[in-house]
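Next up: some structures, all given as structure tokens.
You will see two complexes here that share chain A, one where it goes with chain B and one where it goes with chain C.
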Partner chain A sequence: MGGGEKPVGAAMNPWGIFSTTVAWFILLFLMLPSFVVVPMSFGGKFEMMFPPTTFDTILYERFFSTGNWIATTITSFKVAIGATVLALLLGVPAAYGIVRGTYPGKKIVALFLLSPILVPVIVLALGMYLYLASFKATGTDFGLIIAHGVLTTPFVIVTCMAGLRHIDPNLETAATIMGASVMQTFFKVTLPLLKSAMFAGGLFAFLMSFDEVVVAFFITEASTMTLPVKMYSSIKWEISPILAAISSLLTFLSLVVCLIGAAAQKKS
Partner chain B sequence: MLERRAQRLAIMFVAPATIFMLAVFLIPLWKVVSQSFTTMDGHFTWAGYAELKTSILFAKVMWNTIEISLMATVVTLLFAYPLAYYLAKQPPRRRAYLMVFVLLPFWTSVLVKSFAFMVVLGENGFINQGLRAIIGGDLPIKLLFNRTGVMIGMTHYFIPFMVFPILTSLLAQSPDLPKAAQLMGSGAMRIFFKITLPLSMPGVMAGSLLTFILSLGFFITPSLMGGRKDMMMANLVDFYMRETLNWPVAAAIACLLLLLSLAFIGLLTRIPGGKSVLGEAG
Partner chain C sequence: MAMVGLQRAGKRYGDVVALHEVDLSVEEGEFVTLLGPSGSGKTTMLNLIAGMIAPTTGQIFIAGKDATNTPPNKRGLGMVFQNYALMPHMTIFENVAFPLRVRKTPEEEIKKKVAHVLNLVHLPQVANRKPRELSGGQQQRVALARCIVYNPTIILMDEPLGALDKKLREQMQLELKRIHTELKITMLYVTHDQEEALTMSDRIVLLNDGRIEQMGPPEEMYFKPRSVFAADFLGSSNIWDATIESDGGATIKSGDKVKIKSEAFAKPGAKAKIMVRPENINVIRQGDDESRFENRVSGKAIDTLILGGVIKHYVQLANDTVIISQELTRSGRRSLTPGQDVRLAWRPDDTLPLPATGKMEG
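Coming up: the complex of A and B.
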């Protein structure tokens, strides 16, 4: 579109003012949750009000000193790290095989590997419960890690496919001509060039698993609950002001991931 | 390009992921299908589907799901298009900064969003207080635990999903086209409706289908912000699974939801803009 040539200020006819106002209204709507939870998290103990009237860090202190909340947070970290490693191990080679390979049925394989993105999560959650129950693995970190692996691997594949398309295949051809094997080419040429895409994909996988609630809600038990599951039942049954502090911490995590992820993707 | 032998060897690279997905994605889906035909003590049954056929609750929830998903898609499109249009018009640097405002909500937990909206939209929330101050001492407007609440939550969730494909198809348009039309005497309105909008339809179609498909299986937002009697199919699965412990019915609903979604996923792989959503695999 025509952007870039004329300064933004020049477009300030009535139509320009109108469309700018509408766009900013929508951007503010999008940012509303972040603008609400952060100030609220510094409000007083018994206040569930926005905007808050006092300044206090008591909610953060309460969060960090409540064993239950900390235990669920640690579980979430463990599971998210496991799911990220799994998704990278499976997703990076898969992306390479999809972008660079030619073999019968490639499109179907690619579609199959990406389909967990579009299948309703509730169906997968129910299926994972029935599946893990059949070998008594519900309520284990292992069960949750493989379940989250299903959800996060497609995103690593998509991110790395985009990254691979920016790498000149001639570099790989040159390596094979000079005698490198397929494996050597993949590990010594492709992977180093794919570093930023892998980093971005890994970050997204981590955040996705850390925030995932529906599957975790179905397959965890009280003792192995993740942070989002505890948040979900807390919002549903006994909404507590600590949620504002947790929400702010999660928003901060999302901000870090999306800034670093966007920067890494741009580099690749 | 790699030599031919290497190209064929590439199948080894997709093998681990494919085996994993067969074992941990396809088998669980199969478990849902087989559970929908199995009684709690392991016998074959049609009872799950038979119950749904006559259930007034299920018919209502199914209709609700389709209605809410359609509404969410239309409302999201009405918000996302002007935003994508505005972003497309910005110089690249400025657009990169503004994208953070779209990416951050995209990566924010749906629980954080629901919690924030529940505080703001409540009877004594910020919005109702503001309205009371402006309009006067009327009763609070009910913005939560009803259709309005679900729509606010879902629209907020889906705007980024819709903005990305529309923005892509707007940016792919040659800037010379509107300029040429302008030189030949077209007004801004005419240029928009005759050139910009038609050329962005692949993005609109892809974004709308994606939103609709993801809406069909929505669980958290209707559960937290929706009406107790305005359930969607995913909530009904949970209800039969946990509250009434009727697994065949829960699985049968999940199967129907899966079929419904697959039909639209098939459609998505066939439209031009669908590739942008599926990473060009479709």
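Coming up: the complex of A and C.
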């Protein structure tokens, strides 16, 4: 045996190098459109070109100074926040009931609560439209909050179920035996321990609602459009370079939200 | 006064009987241990008392009142878990304060009481730490403090020392015993470790397959087992098949005739088991006077094991019968050479007849 021995795993075998390279290329391929749009957003104001020939922030200035775009953005935030709150209010107790409950038919209840994940979005959108129309709630922020709530609740349920499974049931038992009521146990023991799962689920719900197009397209009308819907409709008339700026901002928002999520996860 | 009582309380899950109808009463200040093999119903019994499960039959009394239908948070009990069950998001102070907070105790009093119990378990310095910053033994002491602080009727403990290593476990046993004597708290302690049960308890309740096999103070459980199960479970024993003779003696499997303690059930001609504790069997060495032991047998040495403070001799008698003798280790006390002839002797008083199946009545 020669002298220079390497510790196990120090050198990758050729297959390992190959598969890692392929994985990176696929990732790059998937990410590329998002990266292309960022330089483009700093280009001139009359064309969408890559690579851009000039550097300018005019597109951003346009976005922030156009009342229409700003109003739409505010609507999007309102709806996304509303849907997130709704999804948390419904999803956390639902997850608790599924994980901790002991009653017949639990599996069926769980399946039913998670069903919006399984139904095609277009079906859900049509159903929501017809349903909300019967309340005359289409074209209102409230209607869209409900619809997005339905869409995002299952994701909150799933993250919170995972979170609950990590909480030792003995903690709740201990609290109960020490004299805490069901409510006290839930609010003082379970919820604080579920915080990071709720946070992750909430962020996820927020992002989903914020860039959801299909359902929003069915339910909103001109005065209550959300940002993705307005982007989509404006593309139909003209390819406005301002879209590049908005897309970049959306990418940035997603990135920030994900970083916050990751940081929170790490802290807990 | 009985702090906790079970009256014909039983629990079944479908066809599985976790606990047959049992009666038990734990007196104020008593340290009672539930001992039994895995699946014998110890946790079931504890959970019935805590109210985490409802009995299928019978009633549960706490501090003299029927508590069968009282929810667990209204029973005023304390419980210590094997995995400590401290709230990971709270400091040690907040953990111990928790039961006081749910009772709406004034803040001043909470501070005083928490400091007091943390002193009691010798951990005054950890109040601001989180549970994960403590060792297992420290966490378990905090869990105990969290119970003591609200003065529950009884503290239930389900194998509280099961997760600790042997040395720490022995230390904690003494600590628990000290706190029990100091505060005169009533404790119901679950373990499947017979040594732990023997060292700590005022009374041992031995469970077997969902039934109470026998209960009594440790010496009684150890020296007067009423069944082969009890004899076997508590300490090690020599147990042989035997036939009771007309003169009140017995012939054991090896063919040796021995004198036994008289028991009502042991009628002449009856099949029985004979039990002798290894520490009561003496190896007769040259110069020893064997006449003070009325039961004497001869055999061939198989092996000798030195287990720290004690030494065990395995000796072969006729008819495939093995007899174990246990002595204290002394320097200069020689091991037996395998194959050498050995004489063993013991007293009739230490020779207990047991029913071949089931247990003695009374």
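Here is the rule we use: the second predicted complex is superposed on the first by the 243 of 268 C-alpha atoms of A that agree within 3 Å, B and C clash if a C-alpha of one lies under 4 Å from a C-alpha of the other, contacts with A are read in each partner's own complex, and residues count from 1 in each chain.
We take it that contacts are C-beta pairs under 8 Å (C-beta built on N, C-alpha and C of every residue); 3 or more make two chains touch, one makes a residue touch a chain.
These numbers come from a predicted model, not from an experiment.
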First (chain B), second (chain C), both or neither touched by A:Thr173: both
Partner chain(s) touched by A:Ser254 [first = chain B, second = chain C, both, neither]: first
Broader residue contact with chain A after superposition on the shared chain, chain B or chain C: B
First, second, both or neither for A:Leu114, with chain B first and chain C second: first
Which superposed partner A:Gln184 touches (first chain B, second chain C, both, neither): second
Which superposed partner A:Leu164 touches (first chain B, second chain C, both, neither): neither
First, second, both or neither for A:Ile98, with chain B first and chain C second: first
Contacts of A:Val150 with chain B and chain C, given as first, second, both or neither: first
Which superposed partner A:Ala205 touches (first chain B, second chain C, both, neither): neither
Doubly contacted residues of chain A, that is, touched by chain B and again by chain C: 173, 176
Complex contacts: residues of chain A adjacent to chain B: 1-5, 8, 11, 15, 19-20, 22-23, 26-27, 29-34, 36-37, 40, 48-51, 89-91, 93-94, 96-98, 100-103, 107, 109-124, 126-131, 134, 146-147, 149-150, 153, 157-158, 161-162, 169, 172-173, 176, 182, 185-186, 204, 207, 211, 213-214, 218, 228, 231-232, 235-236, 239, 243-244, 247, 250-251, 254-255, 257-259, 262
Touching residues on chain C, where the partner in the complex is chain A: 50-52, 72-79, 81, 83, 85, 87-89, 98-99, 102-103, 146-147, 150
Chain C contact footprint on chain A (complex, rising order): 168, 170-171, 173-181, 184, 188-189, 192-193
Contacting residues of chain B [partner chain A, same complex]: 1-4, 6-18, 20-21, 24-25, 27-32, 35, 79-80, 82-83, 85-92, 94-95, 98-120, 125-126, 156, 159-160, 170-171, 173, 175, 178-179, 188, 196, 210, 213-214, 216-217, 219-220, 223-224, 233-234, 237-238, 241, 250-251, 254-255, 257-258, 261, 265, 268-269, 278-282
